[in-house]
Amino acid sequence: MTDTTWYLIYISAMAAGALLFWVWSRDPKGVPKDEYWVAMVIPIWSGLMYFGMLTGQTVIEMPGRDPLYLGRYLDWIVTTPLLLWALVSTAHFRRHMQRPLLAGVIAANIMMIVAGFMGDWASQDWAKWTWFTIGVVCLLIILAITWGRLRATAYEQGDDVGRAYVKVAAFLSLAWLGYPLIWALGPSGVGALPIDTELALFVLLPIVSKVGFSIFDLYELRKLGAVKPGLMPFRGQHHTSP
Amino acid sequence: MTDTTWYLIYISAMAAGALLFWVWSRDPKGVPKDEYWVAMVIPIWSGLMYFGMLTGQTVIEMPGRDPLYLGRYLDWIVTTPLLLWALVSTAHFRRHMQRPLLAGVIAANIMMIVAGFMGDWASQDWAKWTWFTIGVVCLLIILAITWGRLRATAYEQGDDVGRAYVKVAAFLSLAWLGYPLIWALGPSGVGALPIDTELALFVLLPIVSKVGFSIFDLYELRKLGAVKPGLMPFRGQHHTSP
Amino acid sequence: MTDTTWYLIYISAMAAGALLFWVWSRDPKGVPKDEYWVAMVIPIWSGLMYFGMLTGQTVIEMPGRDPLYLGRYLDWIVTTPLLLWALVSTAHFRRHMQRPLLAGVIAANIMMIVAGFMGDWASQDWAKWTWFTIGVVCLLIILAITWGRLRATAYEQGDDVGRAYVKVAAFLSLAWLGYPLIWALGPSGVGALPIDTELALFVLLPIVSKVGFSIFDLYELRKLGAVKPGLMPFRGQHHTSP
């Protein structure tokens, strides 16, 4: 398949995801509205960025090298903090979000994306792999918080929140481990995967890790919200006047 | 007139606006201080960005095409969220701001500016007009929220807040509809307007939609704040300790 | 010494600083955890940006001119708002932070960094020095708030907070005055300092103004937190559920 076909598949999947979350938001089942808004913004932004690669505007041709897909990083720098917001928010379903914890995860995440971009763009091998290592360390910090304090926070609110969180966190963790793997094996890394395969994988994996994740996350939250309508999360009320 | 003259007119208007809002902030008349700060930051940032175009630094020359005025987008990406903050804040004059609503409007707005930039920069016509359409859809979403939930929120706080909001929102809506019109008619679009005329319009319209809007908005807020000093907005108190 | 040596010295100092703040965070002595997180993020981000200059990726070669060290501005645009957050937060040790005040200082600061970058990049002298003047005005606004409302706020919480704040604010003020001085004397300005000297100074001064500042700030906060454990700042509690 051509690049254009892959991009169109991706954009269609993102549009379908955004539409689904909009439909679900009409019947929120005790889940705060902002969960739906974030789930919609993620695929819309990502679809826009892939459209920018389809038009060729954010694919930087570099002489004697494979092109640099700037659009991927412009996608990730916006969507990955939002995905982490959704994860942290799931871990706080029945209490106020701990903002310093969210800020810490997002700081590690932004450094991870920046390191990925710098490594992709680096021309010397030692620089590329140092950046890659920095990015992997950032991912490990994110995973440590995900499975440490966030998991504990979720269980403090009841076994049902804990179990839902663990499922959602496992999904995200596995999907996110795929990115450095593809990066390292593809033309940005050792070059074991040809650029066409990398492109296809960077279409399929993000569909799973963005729309797939949000479907799973909202599905679990809707189960939690529907079962105990008397235990509404604080956040919903918090934003309106007292 | 030369480009430099237009830029100097613009920068003077921005400086005069910032000065006026500073003077007004000395006698706030029951309007929270942050309204004045935001009204001052908008023209100061915008003036800086126009100075960057005056020096030529943020005007990107593109071979065989009209130049790309990057500075405009660097202006808008900062000032338009602040203008929307002022609008949303006016709709919440006597209650806490609904942050998810603000975040939603600003998300649509950022996508609108990004689409405008990508469309301006696009070299193929199909790409340009797809971006333009995306930008217009974002503007329609902003207008739908402006005239839907925000208008309803304003009227819930009394007819006086409702009426003030409607006037201010009408001003902003009309001014913002001018941007895609100039864009589409100018060299970024079909090219019916010569680049000099587009430049002049992108000096005059922003003076109205930035400083003009803030004058009108603050004027209405000061009337509201002065008439009912007993009904101070929450925001003022909210930021200080309990 | 070569550029690489200087960069390695800098990166080592940043790593040592981040490690120290992590160790201190294990025994927080009544200081909110977010103070330690911010103190850690500052040198980590700065170290990454200097590594990007070491690899040459963010040093822009400009024909017929000294290179433009883009990495410095990418460092500052992130770390200086965080340093100001730490300063404002010290001035609010025993009360909620006044967010509009923080936003105002950070707005002036972002304009200062943008003006510095534009002035560095400008090719005409009149443009360079206009940008420089704008940057200095922004710095003066920051200093006015630092020594005006922030100082008054700190003293309202007791003489001990006031005295700690004044020491910390004096440290930051002196260090920050060094930047425009080096900028104006170096190749970005009049060219009295050779580029090697400027590079060395832009390694040594930031070590003092980042890691040095955070050591001093946390040291003062730990004294305040340890002496009066009954008067914990609000912020700590504020983030957890009621």
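Lettered A, B and C in written order, each chain numbered from 1.
Quick note on the criterion: a residue touches a chain if its C-beta (ideal position, glycine included) is under 8 Å from a C-beta of that chain, and two chains touch if they have at least 3 such contacts.
Bear in mind the structure is a predicted one, so any value in this text is a computation, not a measurement.
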{"item": "Homomeric contact chain B-chain C: same or different residue positions, threshold half", "value": "different"}
{"item": "Angle of rotation relating chain A to chain C [CA atoms, steps of 5 degrees]", "value": "120"}
{"item": "Centroid spacing, where centroids are CA-atom means, of chain B and chain C in whole angstrom", "value": "30"}
{"item": "Residue numbers of chain A (touch at least two other chains)", "value": "none"}
{"item": "Residue numbers on chain C that touch chain A, as the complex places them", "value": "32-34, 37, 41, 44-45, 48, 51-52, 55, 57, 239-242"}
{"item": "Complex contact set, residues of chain C against chain B", "value": "95-96, 98-100, 103-104, 107, 111, 114-115, 118, 121-122, 124, 127, 130, 134, 234"}
